[in-house]
Every structure is written in structure tokens, then in C-alpha cells.
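In order of appearance the chains are A, B, C, D, E and F, and numbering begins at 1 in each one.
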């Protein structure tokens, strides 16, 4: 079977099979994996992390509840990718590292706590795959991962999140993280691609910043016209071989697939389109990834979170393969 | 920037930006525009109107609550169309004119009240863009707008609404408005196009009426086969340069995108398809438009209304351009 | 009009028109047809049956409530297929035969009761079209219909349901019915096609069984690549002219269209794709069919059931045509 | 056991026990009783009827869907009243007579159809126990039952429904039925009691009408102060031995118990209070009863309907006892 | 009629009657009153204000959406209090002043903006009746109203909100406003009463602060034992004749009545109990009031907001009477 | 402070305070306690356990999902009981032992697995406090705890669960556990009290069994008449000093408080009544307890689970006190 040929080390952690313990049973961790506190996480290759923070939200709140619901729905994920034939738990040690510490009462303090947590993860050589939280949480993660050298970015999103400030001149919201990351030198704008951008605009400030710094934006109409394959070929060309971060904002999906989000924009991707796009990342050096903006209060059914968990599963398979190849 | 070149008059009304006052704040008006009573609406080019009436509904009720939920969700709309590059508030004076008067206890009286309200709007030279209400509300609007000369019609819908009568011989339901409008001479059947028709049928009475009078019906299978561009080219050819009304029944969308409607039909458009179709109306002389059949009790999440508000936004941008060109 | 030319016998049962009695009125039966107890069902060609059993469910329960919600939503179906131009009630006698007897407290006993009920139906020459229930209910139906000679199968599904056992070695779950049916000789694996398979896997046991016995699996990626027409041409070739059963698991649809199901898998069919696939069955000798896994507790809105009822309507039209041709 | 001693005739209809056929199974009829068309209902003592009409609704619509949801939830009712020790199916023949014919497009025509249906029921000597529909449906029922002689009334309600007209001078809404019934002479105001009245008022027109005609109003504060026993003693005194109709508007319950209604008023009865009040009717000559204003779109959970079905069960037990005593 | 005798001035603003314009119609303002910007609010006695801010929330967010939903549900309120016989719009000029300006991205800045808005209101001699927002919004209102002299307080709540700090030492959360207000000298602890306190505790820090400063706490068990009348007699004694603020945290109700709130505590008041308690405030000098913590994302049905709107209605009637008496 | 005086040993496990880590953060365990596998649970006094099994359900399913949702909502519980002044984590070692193993495909096998798990717990001297699951799960727990000597029982419930068999003669359903436990000699009927029984009945079989064996039933009308104090005094008298099990079926609450359950019965307890009743157990030798029948699919809001978690908290405080006294 596929997957086994790559198995170069002893399996450490694996989900309990749903054919042994039914999937609704047990304490909900990401992918039904063991919870391993970060300070005991030696030997872990990929760390699944929750970031329960939404203090950057300018509109409808709720992503602070995302990690729990995503953990719950991630029980639906099994062990092997049916199309890519990747068996991630044979290729890499994967564990649930729990949630990053947060502070709902103060944005700056929260970002500091999150950054410190991811520095610890990064120091231990673990690649983080996180569930947000609103999109501002990508900033402290990038600060941790890009501290030495700016990383590249592939962003699936309805919004550029390249705005400067809100409500006067407040710089830290979920509309500003990638502008901040570029300004701070932890993100390389020339190796940054945004895919799926759409929706009515306040003005053109974000597009102008992108144009000025070299960020490549694929509006959804362009994705529609080119098709996933061409778009991802171009995306791979832009980010190249270097360390690359992937951020999947659930609002890149059409609201029918992601009603549980704060800033829905009509006319987004279907999950099948998103799967095709994400699979196009295969082979990149993914040093970390996140899936953000799942807001459970706006979708108690958990279907948005199921899409989020599935996208994390897709990313996990790619990252596990990267880990195996990196050995 | 695009849009500015067309700006031929002083800006009067514009939404408060969500970067100044967050979008969840403030009394909910259409597009966060000022409420201007129709008797004070001099100088308004496009009037956004609610028609909270569903007395024509033969099946599941609720569109009487549509205008409020659409107003609420329309806060999500910003100032510039990202793909068409139209900035409607630079091109036209737009205001929320409030709701048409209605009577939930008597269909005929309700239609009279609505018609009188739209006559007042029409007399003042304002192009109405309305949120229903069930589809019967298009009839009094057409009576007001087509009183002098029958208008053309582009109708996005799952149903033809060309039936003769229900429950014996009751002539005024949401299944009959366009037959009535044709019979009354306020709608020109030869300049009428229906797009997206589908679903099981009682009999062929409506199709026979369409064939007899010249209404062009695109069933969804034909739209699928031809693609949006060809369909809309033909639609533009049929309605031509004359005064044209546009009616967007939210049930033209698949119920996954519009669960909040009274007569859902499986297999409808995605919002992206609908956006492509609506954008195909660019350049027509749109004298008025409506978006109907959003039924909040069947979708408290507001996602149906978000699609409705977005389609109103698409129409608003086209109408604003029409206004600018008409000056 | 189409349909009439095939009318070879007196009409017996037909739904009350929604233009006479509104569709929300009346006791909810399938398609608003009369309820005819099976022991009085002489002359019925197609029997609509509920199977309110979900004792085979390994994950999220609820399909025991499926038949009622599907009956309720089936009021939305009218009398003529708009695209196929089939008027089923002119072609065949169709009635609601009520629910099969079940036992929620014992799987084996439940299957015996269901099988006996369908043997009675089969003996009377009635073709059953059922609403589940979880997918295990297909097994007793196949035992009844395939008792003399194994039938062929077209299965629309996210899962193969070809697993051997769960939770140790328990053989009767909704993940095992078609393996059991093949082992028992009531289903011909060489005349079995599965369409839409996807989602992460426990292992490859099911695929190996399929390969070994000759079951043809179309994963969704292959359907995407080939298109509905080619897939269904191949499906028709495989099942050929013989007696064929059709099973439509609602989870073949993307969860956006079928949130009310127990094992949702992201990335499924749209209803329009499913309609195109199902219509590709036209002309086959459909001896029975079911639509399963609608779980109302996970979708109180009834939209999943509406999709299920619509797919039953599509199947009903095909089966009615088969009946007419078989005379 | 209690109940048996009263059994004076052969049992005809009885629900299938939930210990034989589980309660989620089977076509949903009221109390799981057989559906007997009114023209075949000879020998039926109590007829359960749906009245799917809400054309009198001045605010939030939906009760047209009430009968179906109440039928569904009434499966929860079993055979014997645990506190009153009444076994109604031993005391009276009870059947589901289906739904009254209605017309959602015309109020007057609808009322005529409903009245004719109840005249037929009344003529056959059947006592109707109905599920609405909005409260206007009580008017045609009273017209049928009070045609020969005005009946008395016990009304559990948040509102008096004694208003004169709405929206100008429209006389037929769910706020006016009992004023109309009194004016028409089918309801005796001096034998009319209203219990649970509350909520902010437009003016005092309804109270003045009540004072003028002799209707006794218990506002909820008075019920609170007196307790159920004293209130019902007074109610029994007022209506006396004569023919009495009972109407239970579900909005007499607090909205926590009846969110699915059109005009909720905070501060209503708990179901336990309501049960105590209704049981206080024991021994009256209840010639008919209804339970109205359950609006499923505002409570898809069905809990409001469960309360409605339970109150119908309470009334059914009392009416069955009345029937037994009347023999 | 009661109320008229107090009418000492010309009526200025009043809601449109639901018998003229149905209550689902029209742009949603508080109580269907006109929207009057604060700078044009001369002559207004009582200003209804929204405070869409929840940046103080330590647990489940959402009250930023409260004002809109409360406005929507407040359409259910009519013109006269049925039990108190107060007609507030005859006694005082009441208007909707819109929403206070907020900043979701910064707590301190938000509080400053809110305070400034209420200073403007207070300066104009308007008594504010606000809809939150989380409970932290009471702090800036108290800063505005108590700037000259500390006010008294009657607080209906499950929680004391007298904590010192969270998440390290962050002082501004919805668990701290009244401690801050006491420390800042804008609230008089000796004239402060808290009613309905319950739920498990972190420690006794809040109770100790209350004991130390003189705040009187009625735990719910004590209210149960004493009854509303004695509790309110004591509350009136404590706050006396001085300027008193009333704050109604919706979570004082049991979660069955207020599921839409962030920190529900089982075992709370019923609305009828709450009404009895609030009516016990009659005659106090209420200089302002708020109703907070309605979180629409956790109750899309709007029933929590209906309770909130009803409590605002109860308070409005009392405040209108205060205004009339103060003239 | 109260509680401290009982503290006789070193604190081992305690929840993280919501003032340190917000309550929405972290992997959801019962009461935010550490997860300790049973084989490592030496020194644990009280073990919180999930039993995700609902194979005994005869009506609406779903309690298999109960443990996860109860864990999630139990984050709302803090450290000290506000009314009883008990600080349980100072009095006893408490941990989350995870879920019992189950088998959704076979009732008998499932019960064996559960029993073995609880035998292990019991052997280690841990008192279990479980979250079901349907009420059948009490049977294997009683088999484990009552193996040596039958235990007494206090049961809060709408139903007696003393039936003999269903669907023919199937003996293991959620309607039969206590009859089985009495027959098997693990439950002492003379020390068994049932409180809150109500709802329509199939027949009197269960009451007759109770009368025959000595089980004391308090129907809800009797509780209403006597009040909680007298009822609990009698309950304490009946169970006496011996080992007593407590089972809290969430359906003892009125459905307004527990919509998420399978067999709701109108007219149940309020949570405040239930709290008063449960607190009446103080001082008993509670050897184990469970809270069952929370069915999340019927209440995605989690409010039913919040009531369940709160009742577990009430029981935990009592059990911790028992542990401290037992030392």
C-alpha cells in the first residue's frame, strides 16, 4: 500500500480507529491524536495547536470558540488520504499540543502570549498546524516562524488582510496581519500569493499596498478563468523552494459551506475547488500552516468546522510528506 | 480609480465605512444609507425600498420579514464593486426610502397601497430597487412603472410565475404576477426573459402562456448547456434598449444558498453563477429592480438574506452606472 | 403533451394538486399520495416505503426519523418532470405503503422484519422505492429482491460500504451491507457500480474487496475528470439489461446540501450533478431503489430531506417509465 | 384500573403502542390514530382536525404549518392520562379526520370552507378537537357549532382577540374572532372567560368591549394572585352546564415554552400551570375545542408543538369523559 | 383611562401602532420610535441608546450585536403597560438616539467614546435607557452620570461583577465594572443592591469586596425565600430617594429564558419573577438604566432579545412616570 | 471560608481558573480537570466518566453524543458551590477518566464493555460520576457497583424505566434498566425512590411492578403538593445510611430546560426545583451517580448539556463532601 514505502521511522502517535472506538467517543482532540504538552513534545514533527483568540475581529465575533469545535469535528478524519494516497501518521509524528495561551481582554498581550508559545514550538523543530482564532493570530505565528528569515506565504482568503488601520488608527485587527508581517520583515511580500479575493471594497488601499510590495493577488474571477491547476502552478513558482507558510481562511469558501464565519463574502470556493487548490501545494516546504476564522456561534451545526478540519487534514498530509522528505 | 471619472455631481449620501463605525453598529438601513422619507427624497436617483408583504404566498410564508433581515445583512456591503470597479455612491444619489405601506389582511388593498407608493417614487424620477416580500409584490411595482408604456423584464427565478389562478380561481398569488402584468399591459411579453426555471410541474399551462405571448424561458438545463455569457447576450438582445425591469427571485439559487425561501427547488444556481448572470445586464436601461422571496423564518442565520443583499448590491452598481450615463 | 402517449391504463392514484389543496395541508404521505396498506395494494406498480431504522449507524444517529421528514418535504413535488417530460402518475400506479416494521433494540430482528415486509411487496409485483433509515436497510431489501437471482446495483455514495466488520467483529453496520449482500449471493458484484466515493480511509480493505469481486468504483475525482455522461454510460454498460437496484446515499452530496446525515464527507456532488447522474439511469430495468441516510436531527430545516425527496422523485419518474415499458 | 369501569362500548380506534411500533415510525397522524375521512366517520365521537390556515395573522406568520408538526409531535402521547387516570380510547371513538380545506389566498373564502367542513362534522354528532392555524380559525368553528345556540367559551390566551379592526377597517384577523363571534350571536359573552391575558396594549378598546358585553377577563397577575383552583372554579361557574367551547392559544404559555408562535408575550404560564388550569375544566360539557397559533417556522425543534399536542391530549381526555358521561 | 391624567405636555414622539403599520414593517428602531440624533434631541426626556460593544467579555462573545436584535424585537411592544396602566409616551418624550460610538479593537478607547456620548446625553438632561453590549458598558455610562455625585444602583444579575482583574491583572472586563465604578467614586456602594446572584464561584474575592464596601447582595436563594415584595422593599430602602441607576443583566434570567447570553447560570429568574422585581422599582428616581448581555449569535430566535426588550419596556414605563413626576 | 475546615489532604487536581485561562480555551474535559486514564488513577476519589452509548433508546436517539457536549459546557463550572459553600477540589481528588468503551452495533456487548470499565473503577475505590448515554447505561454501572450488595437508588426522572420489554420481548432498552437491576439483585427496590414521574402511560405495568417490589414513586403532582423539602426528607429516610446511587435523567426537567433529550415530557421541574431536590441528598453515602439522556442533536445550543453539567456539579459537591467525611 502507498505510504508504507515512505515509512522511515517508528510510528509514535496515531488516532484510534473509528472501527475500534466509535468516532463520537472520547475526549475531543485534533484528529483523535494524543494530547502532548509542548514541554513534553520531543520527537513530534507536526504539532496541532488551537489559538482561541478573536480580539482582532472587526465585525462578527466567535472564532475564539473555533479550536474546540474543530477538534470535535476532526474526529471525522481517518488515517489515509483517499486521493493523494498519503498515510500521514506513518510519515511523521503528529500530536495535539493543546491551545496557545491567550488574553481576550487585551490584544497586544494576547499576541505576545501566542508568539511565545509558537517560539517554543519552533525552537523544538515542530511544524505547527493551527486552528484559529481570527486571522490576526497568523501574525504572532509568523513573528515566531519568520524571526530569522522572512517566510513565503500562500493565503486562501476572501480578503487581502493588507489594510493599515481601523477605527481611527488601530493597527492590530484581523484586517491587517499580513501588512504588519511584511512591515516587520517576517513575511516576504515577493513570495506571497493570495487566492480567492473577492467582495465589495472600502477603497483600493490594500491592492495598492500589494502592488507596491509585490504581493500577487488572484481574485476569484481570475481563478475561475484560469482553473486551479494554472493558479497553483503560478503560486508554486512564486513561493519557490523556500520556507513557506500556508494560511487558509475559511471565508475563502462560499458562505454556504462556511456560514460560521465573521465576514462572509458571497461567491466563494466550493470545498472541492479548495481541495484541488490546496493539493496544488504538494511538494512545497511548508514550515507551518493555519486554518482560521471558523466561528462556531454562527454555525452550531459544525459543518463549517468540518470543512476546516478537512482542510487541516489536507494540509497535514502535505506537511507529513514534507517531513518525510526532509529526513 | 475607476468610477471617479463618471462622477458628475456632488456626492450626497454614502454609507458610513465599516472602518469608522463597525458594521454591526447603528440602526440597520439598506447598505447603511440614510433613511429619507419619500416625500423628502428630491434629488435621489435610486431608492432602496422594502415591501414587507407575503399575502400572495401559496406555500410557506415569511417574506414579509424579508426587508428587515436584508437591511441587517446589507451592512456587509462596502462602497466599491471589486470586479466591475463601480463606485455607485459616486455615480448616483442613493437612499433608503423605508418600507411601502402594506396590509397583511387583504391582498387587493395591499397591492393598491404598494402601487400608490411606487407611483410616488416613479413620479419623482427615482428608480426603485426593492426587497420583497413574495413575488406578487412585483405586480404593483410594474403597475406603477409600466403605467405609461409596458416595460421589458429580465427575471431570474426557479418558477415562471405565469399561472392563471389557484384554489379555485383566485388570481392574485405569487404564482401569477407576470401573467397579470402581461394581461394588464404593463409588461411586454416579447421583451420578457426568464432564466433558471426548473422543478416539477403541475401541468404546462404556464409554458403554453409563455409560448403564446412570446416570453422567452431559459430552463436551467439550457443555461447549463449554453453558459452565462450566451444566455445573457440573448437576454440583452431580447429586452433591447428599452426600459427594463429586473426581478431576482432568491429561489433561482439552489436551496443550499437560499434555504430561507418559500418554494425551494433543488438544483439551482450558485451565487457565483448568479453574479455572472446579473453582471451580464450591464448597460441595460434598468428602470427598477427587485429581489424577492427571502423568508427569514426559514433561515434565521441570515445567509439567504446575505445573498439577497449581495444581489441587490450587484444591481445597485449597474443601476448607478445607468443613472450616470443617463445624465 | 409528453407522457400522455404512454398512458396505457386508467389512472388510479395521484397527488392532490398544490393549486387545489395547498402543499402545507393534509397528512404528510410520500408525494401526497394515498396511503395504501401493503395487504390492500393490488394493482400498485411502485410502492413508496419508509424504513425508519438506524441501528446500523456507527457514528451520528438519526436516520430513523428520515421517512417522516422526507414525507413532509415530498409535498414539494408536483406531477410532471420538467426536464424529462415524464408524468409518472399517468404511467404507473404509485402509492405510499407506509413504513416497514422495525425494532430499534435489536439489529438482527429489525433486519428480519424489514426483509419480510419487502418479500411481501416483491411477491405482489410491486417495485419498492424506499426512504431510509441508514444504509444497512438496503441489505434486507436486497435479500428480498435478490432472493431468486442476484441483482445489479448502481450506488451513489461517499462510502463503499464494503467493510467487513466493526468494533471487534460485528458484521451488521451501515458500513457493511453490500459486502454482506455479495457474500450472500443476492447482489452481483460484477454488475455493481459505486459513484462518488471519497473521504479519508481507515485502510484499503474495502477497495481490495471491490477489486477482488469486480465492483467498479468511481471516486469523485474520476467523476470530476470524466463528467456525468461518460460515467453513466459506463455504469449502464456494467449493469446492462438485467434487474438493477439503485441506492442513493444522501451523503454522496456535499454536506452543504446534506448537512442532515451521519457521516458527511466534504467535497461531494451538487444536487445538479446528482440529477444529471441519476437521469443517466434512464432506460434501465430498475426493480427497486432507495434513498438513505437522511438524518433529521442534524438538519431540522428539512433541506437535506428536500434533496432526498427530489432524488426519489427523479427515481420515481424513471421507474414509472420502466413500468410503462414493461407492460 | 381506572377508566375501564367507564368502558361502555366496543373500542374502535386506538393508537399503536410505542412498545410495538416505535414512536418515530409510521405516517404521522394525530395521536397515531387512524385517518378517517369525515364522510366515513360514522360512530366517531371525537374528531381530531387540522386547520392549516394563518391568513388572519397580523404579525409573524406560520401557523398554517401547525397541524403537521403537531401531528408529528403527538406521537409522543400514549394511551392513559397519568394523573387523571383517564383512558380516552376506552371511553370514546377518536379519529384523525384530516385537515379542513383552506385557501391561503383569500380570507373570506377560507373561512367559508372551514365552516362548511365543521358543519359536516357537527351534523354527524362529532365533537371536534382542532389544531390551528391562527386564532381566526376559531371563528368558523364557532359559526358551525354555535349556529343553533350560542356556546360558552373558556379561552386560555395572552390576548383577548376582541379587537374591532386592523389596517384601516379590516374585520377578519386573528385579533378579532371572538368579537365577531359575539356580534354574530354564535358566542355568548356572558358565558365567556379569558385566562392569562397580558402584554402591552394599543388602547383599551378590547377591555371596554369585554366590560360592555360581560366577558370575564383574568389577567395573568390575577391568576398569579388567586391560583389555578380559584380561577377555574370561577370559570366553571361562569360557563355552567351549557355547551362550552375551549380554545387554547399556545401563546398563553411563556415564550420559553412556546417560541414557535406569532405574537409571543413575555411572562406567561408554565406548562404545569397550564395543565392545572386545563384539568380544572373536568366535568364541563365540552362540545369542541381547539389549540391554535403553533408556528413551526419559529420553532423547528417542535417543542412548541409538543406543548400543543400535550394540551390537546389533556383536552382529549376531558372530552372523552364527557362523551362517556353523555351516553 | 389611566395615564391620561398625568399628561402634562404635548405628545411628541410615539410608535406607529401595529394596527396601522404591521409590526414586522419599517426600519427597526427601539419601540418603533423615531431616530433622533443626539445633537437634535432637544426636548427628549428619555433616550433609548444602543451600545454595541463586547470587548469586556471574558467568555462567549456576541453582545455587540445586541442593540440591533433588541431593536428588532422591541417592535413587539405597544403603547400602554397592561398592569401598571402607564402610557409612557403620554408622560415623556422618548426617542431612539442611535448607537454610541465604539471601537471593537481597543477597550480603553471604546470606553472613552461611550463615556463622551453619554456625557452629551446627560448634559442635555436626557435620561438614557440603553441596550448593551456586555456589562462593561455600564462603567462609562456611570462615569458620565455619576461624575458630579455618585449614584445608587439596583442590579439584577447572576454575577456581582465586582472582581478585581482577569488574565493576570487586566482591570477592564465585564466582570469588573462595578468595582471600578466604586473605586472611581461614581457609584455609591452603600446605595448599591445586587439581586439574583448565583452560580459557582472562583473564590470569595467579590463577596469580600461587597462586604467591605457595603454592597447588599441578594443571592437567588434569599430572593426565593423572601419573595419579590420584601426584596424590593429592602432595595428601595437602600437606594432611597437619591439618583439611582438600574442595570438589568439578562443573565439574571434562567438560561431557558435567555440562552443568548455569554455566561449563563442555571437556576435563574423567570420573566414573571423579573417583572415583579422590576415593577418594585416604581417611584424611584431612575436617572438612567441599561439592559445588557443579550448575545444574538447564541440565540438567533430573538427570544432572549424579546425578554430584553420587554424589560426595557418595563423600565421605560417607570422612567416615564419619574419624568412626569419630576416636572 | 467554608470548605477549608474539611480539607484533610493535599490538593491534587483542580480546574484551571477561568480568570487565568478563559473558559472557551483548552481541550474540553469534564470541569476542566486533567484527563487521567483509569489505569493511572490511583488516589483519585471521584472519577468523571463519559458513557457514549444510546443503543437502548426506543425513540429519538443522540445521547451517544452527550459526554462530549457535557464536557464542553462543564467549562462553565468554577471551583466553589455558592450556596452550599463546598469547595470540592479541596475535599477530594477528582479527575476525568475518559469515556467507557462502547459498541454502537450491539447492545449486549456494549453493556459488557461498560460494566467491565466500571468494575475497574470500583475496584480502585473510585466513586464514579458519569455522563450518559441513555438511561440503559445505568444498568452496567449498577451491575459493577451493586455486585457485592444491592445499592439504594434516588432517581430523578420523568419515567420509571421499570418496564419489562419492548418490540416483542426485548429486555434491554432505556425503559427497562431498573427492573433488570432489581431482578438481578444489584438494586434494592425497598431503598429505591423515583421523583418527578409524569406523562401519559402505555398501561400500569411499571407502577404495578413498583408497588409489588416496594419502589417509592413520587409523581410530579405529589412533589408539587409536598414541596422539595418533604419529598427529600422522605427520600433520605427510604435510602437511609447505606450505599446509594443517584441517577439524574435530564428529562425530569421540563423540556424548556432540556429540549435535547429523547423522550421529553411536558410539565417537568425547573432547574431551581431540581437544584433544591438534589441538594436534599446532602449527607447520603453516594457511591456513584450519573446524569443521562442529554441528546445534543436535539439541542445544538448546549443549554440542555449546561443543565446536565450543573447537576453533575451539584452532585460532585455532595460526593466530595461524602469522600471527606469517609476519610
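Heads up, the rule we're going with is that a contact is a pair of C-beta atoms (placed from the backbone, for glycine too) under 8 Å apart; a residue touches a chain by one contact, two chains touch by 3 or more.
Keep in mind that this is a model prediction, so the values were computed, not measured.
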item: If a chain touches chain C and chain E alike, it appears here; value: A, B, D, F
item: Identified repeat of the B-D interface (over half of residue pairs identical), from C-D, D-E or C-F; value: C-F
item: Copies chain D and chain E touch via same or different residues, half shared test; value: different
item: Rounded Å distance, chain A centre to chain B centre (Cα mean); value: 38
item: Centroid spacing, where centroids are CA-atom means, of chain B and chain F in whole angstrom; value: 56
item: Junction residues of chain E - those touching two or more other chains; value: 22, 24, 58, 60, 64-65, 103-104, 166-167, 256, 270, 298, 301
item: Chain pairs in mutual contact under the definition given at the outset; value: A-B, A-C, A-E, A-F, B-C, B-D, B-E, C-D, C-F, D-E, D-F, E-F
item: Complex interface listing, chain F residues touching chain E; value: 1, 17-20, 22-24, 76-83, 256-257, 270-272, 275, 301, 303, 306-307, 310, 313
item: Chain D partner contacts - residues on chain B that touch it in the complex; value: 54-58, 60-62, 64-65, 103-107, 109, 166-168, 170, 172-173, 297-298
item: Chain E residues touching chain B - in the complex, by the definition given at the top; value: 21-22, 24-29, 35, 50, 52, 64-65, 67-68, 71-72, 96, 98-99, 101-104, 300-301
item: Footprint of chain F on chain E - complex, ascending; value: 58-60, 163, 165-167, 197-204, 219-221, 224, 254-256, 259, 263-268, 270, 298-299
